[in-house]
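Listed after this line are the structures, all set down as structure tokens.
Both complexes below contain chain A, partnered by chain B and then by chain C.
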Partner chain A sequence: MRKAIYLFSDGKLQRKGNTLYFESEGLKKYLPVEDVGEIFVFGEVEFNRKLVEFLSQNEIILHYFNHYGYYMGTFYPREHYNSGYMILKQAEHFSEQGKRIFLGRAIVKGSARNILQVLKYYAQRGKEVESNVKLVESFLNKVAEAKEPNELLGLEGNIREAYYQVFDVILQDKTFLYEKRTRRPPQNYLNTLISFGNSLLYSAVLSEIYKTHLDPRIGFLHATNFRSFTLNLDIAEIFKPIIVDRTIFSLIGRKEIKKEHFEKGLEGFALTTEGKKLFITEFEEKLKTTIKHPELKRDVSYRFLIRLELYKLEKHLLGEKPFEPFVSRW
Partner chain B sequence: MSEISIGGTLIWYYYICPRQVWFMGRKITPDEDNELLDLGRVIHAQSKKAGVKELELGGSKIDLISREDGELLVYEIKKSSKFKEASKMQLLYYLLEFKRRGVEIAGELSYPEEKKREKVRLTPEDEAKLLASEKEILRIIYQETPPPYQKTPFCKKCAYLEFCVA
Partner chain C sequence: MFVILVYDVNQKRVAKVLKTARKYLYWVQNSVLEGEITEANFRRLKGELSRIINQDEDSVLFYIFGSMKYSSRELLGIKKGGETNML
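Now for the complex of A and B:
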């Protein structure tokens, strides 16, 4: 399995012979190219065309983030898996309203059901989440009737808001109050964690899409404008509650992440490098967590579950088997 | 899909799993993370370095041709004899491709790791069988959806497995 590499320091990433080489103040690091699957750049990192060519040849994708940990973009090497047939099918399911809404609904349902699983877990531990569970359920019941993508996105927003409202009850931590959802940049600590986690997940899903025949520019729930990636946003919705939010709950619950891991900039809050490292370590840990897959009859990681979700989507597009989102069982 | 040339590899796939034939026809290639595919690529690169030249014939890429006891032989080299029937049909298809160009030669299946070889010749029955397979392959490829997943002994090592069971 090829690894994800995270670069936090400022420096220069280059090709040296047949390896990747990262040089920054007091640090020289060789990264064997066969071991690298993707690179996350958080620092001020310089690179040149030779490097980009090398990444392309080795099918390595590179994500870059700004100072706030906000996702900026991805170097997505010329697609190596290409099937004209699959792209046509994907476009067909985007442009035919009925087909598009089917997938949009499935994604929102999957997301809501995973949210309910998370809430159920806390209900069992005696947290007062009942009224919000009901609220989420009532929005979920409306999903089947939604007629157009905007309506669905609205419901999705309602579900998420009802869910975030209960974070204060779950976390019981005055430092990390929810208040309201703010982004670009976020205005408090908890929102900073949510935004950072979501950014990481969008990139992780994009990396998995790269290993399939799907085109990341064509999403079904989120609007496609053919300039940015949207399919990763769609699939990430399903996994946010079980990957991102659980990462946040673990870090705050164990009191690992503290006030000191944030800095206030002119516009809002950002994680410090130390904070980002803490978050990423826990996030990677979650992605590596395995569950027993009933059909494959072996343990698969959450990262691989994302890929399987994409395979399910491909099979749906090919008309083989209707897409059913993954729902966590605990 | 105006130009489909059925190569020996597609014949091989057909005798192992028709579903795979459909995927190959749509260029839905398997997952490259699969270790066996990596191994295959390394072996291929090595043999190329060692000076083994491939011959392209129709849709087929032939491993090796050589002269033995004054007779031309086409070789097909496989890692194991586990899928003998499929391997044999693949090689016979090469022989048919030669015959279509007016050259009648024999072939040899070889499994270097098992130190086994087998000589094959194209019989009229084989020829009829191959022609039928060609038609069947075209029929499969033109189907709107892939043939349903059916578990075979090959699945365990197949790079499409996760896709099929997902």
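Now for the complex of A and C:
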């Protein structure tokens, strides 16, 4: 599978010798264009029209982040899988309330079940998570009755809050306390990790959407409004607990990430370049991890699981098979 | 699959071979490139190279591995190139 490239250094990315070339102070590197699937830009990277054209030709997606590691935007090349039919179907499932709520519920259920899997794992290891498991379950039971997308989003928020509350019990680390969810910018270390991880996952899902016929602009749980992409937020919801949160647990559990990896900006915290690199290495490792897929009966990576989720969604939209979210078994 | 490419070609064609190989594989050191590659891309790479080289004078070798699981790699001296995903 084509790889993700992360650019932290300040420099220039260009097309050279029919492949990609990155040059910065004391560093000259050719990147095999056939092996690159997406590029994440964190540094001050210069590029020109010729590069963008080349990326488009080679179907390479480019995500850029600002200095604090906030997602800024994506160069989403011209669609290479065009399907007017699929867009119509997607729009139909968005605008017909009943169809939309079905998908919204499925996504929230998938997310909650994966959360419960994570909690169960820690329950087995003797952590006091029982009361929060009950809380998540009680919200999960209400999902089937939710009539409005907003109601669903509210429940989703409740579930997530009940789940984040238990992070302190799981981590037992005084440096990384949850307190409350803060964003833009996050107000403590743990929130910084959650935000950074989520934005990486949103981008990774977006890259996978690019490889399907789906339109990233039409989401079901997250309303299609004036922001450019929403479908990736929906699908990411299902995978956050098993990809992002597990990455955080590993990094803190192994005491790899420390206070020194954060810097305080004017309003909140951000990861330093070292910290970001550390996080990404672990995150990539998670995406590459393979599990035995119960239906396909072969090993698939988490990254590919995301794609399979999109294929399931396509099948649902085309009326072939109702969408069932992926639920981790352990 | 994982491929290691080594080439020994007439000086006139070194640049051309390098340029072509760099589209698919990571440069490791002079005349050596390596990387993961799909079967289809491997075939394309071989096709492109065979059109560049002179069959009577040049030599391009591929070491092909199913995966890197059973191999390890040691380095003496400085690291010149190789695969990286963080720059």
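Quick note on the criterion: the second predicted complex is superposed on the first by the 328 of 330 C-alpha atoms of A that agree within 3 Å, B and C clash if a C-alpha of one lies under 4 Å from a C-alpha of the other, contacts with A are read in each partner's own complex, and residues count from 1 in each chain.
We take it that a residue touches a chain if its C-beta (ideal position, glycine included) is under 8 Å from a C-beta of that chain, and two chains touch if they have at least 3 such contacts.
Given the structure is predicted, the values throughout are model-derived calculations rather than measurements.
Engineer: Touching A:I60 in the superposition: chain B (first), chain C (second), both, neither?
Structural biologist: A:I60: touches no partner chain.
Engineer: Using the superposition on chain A described above, determine whether A:I5 touches chain B (first), chain C (second), both, or neither.
Structural biologist: second
Engineer: Give one of first, second, both or neither to describe whether A:G319 is in contact with chain B, with chain C, with both, or with none.
Structural biologist: It touches chain B, and chain C stays clear.
Engineer: Which partner does A:L308 contact after superposing on A: first (chain B), second (chain C), both, neither?
Structural biologist: first
Engineer: If we overlay the two complexes on their shared chain A, which of chain B and chain C does A:L214 touch? Say first, second, both or neither.
Structural biologist: In the superposition, A:L214 contacts neither chain B nor chain C.
Engineer: Which residues, counting only chain A, touch chain C once they are in their complex?
Structural biologist: Touching chain C from chain A are residues 3-9, 11, 17-19, 22, 24, 27, 29-35, 277, 280-281, 284.
Engineer: Could you pull out which chain B residues touch chain A in their complex?
Structural biologist: Within the complex, chain B contacts chain A at residues 26-29, 31-33, 144-146, 161-163, 165-166.
Engineer: So in the complex, which bits of chain A are touching chain B?
Structural biologist: The touching residues are 1, 80-86, 211, 213, 295-296, 304, 307-309, 311-312, 314-315, 318-320.
Engineer: Would you tell me which residues of chain C are touching chain A in their complex?
Structural biologist: The contact residues of chain C facing chain A are 19, 22-27, 35-37, 41, 81, 84-87.
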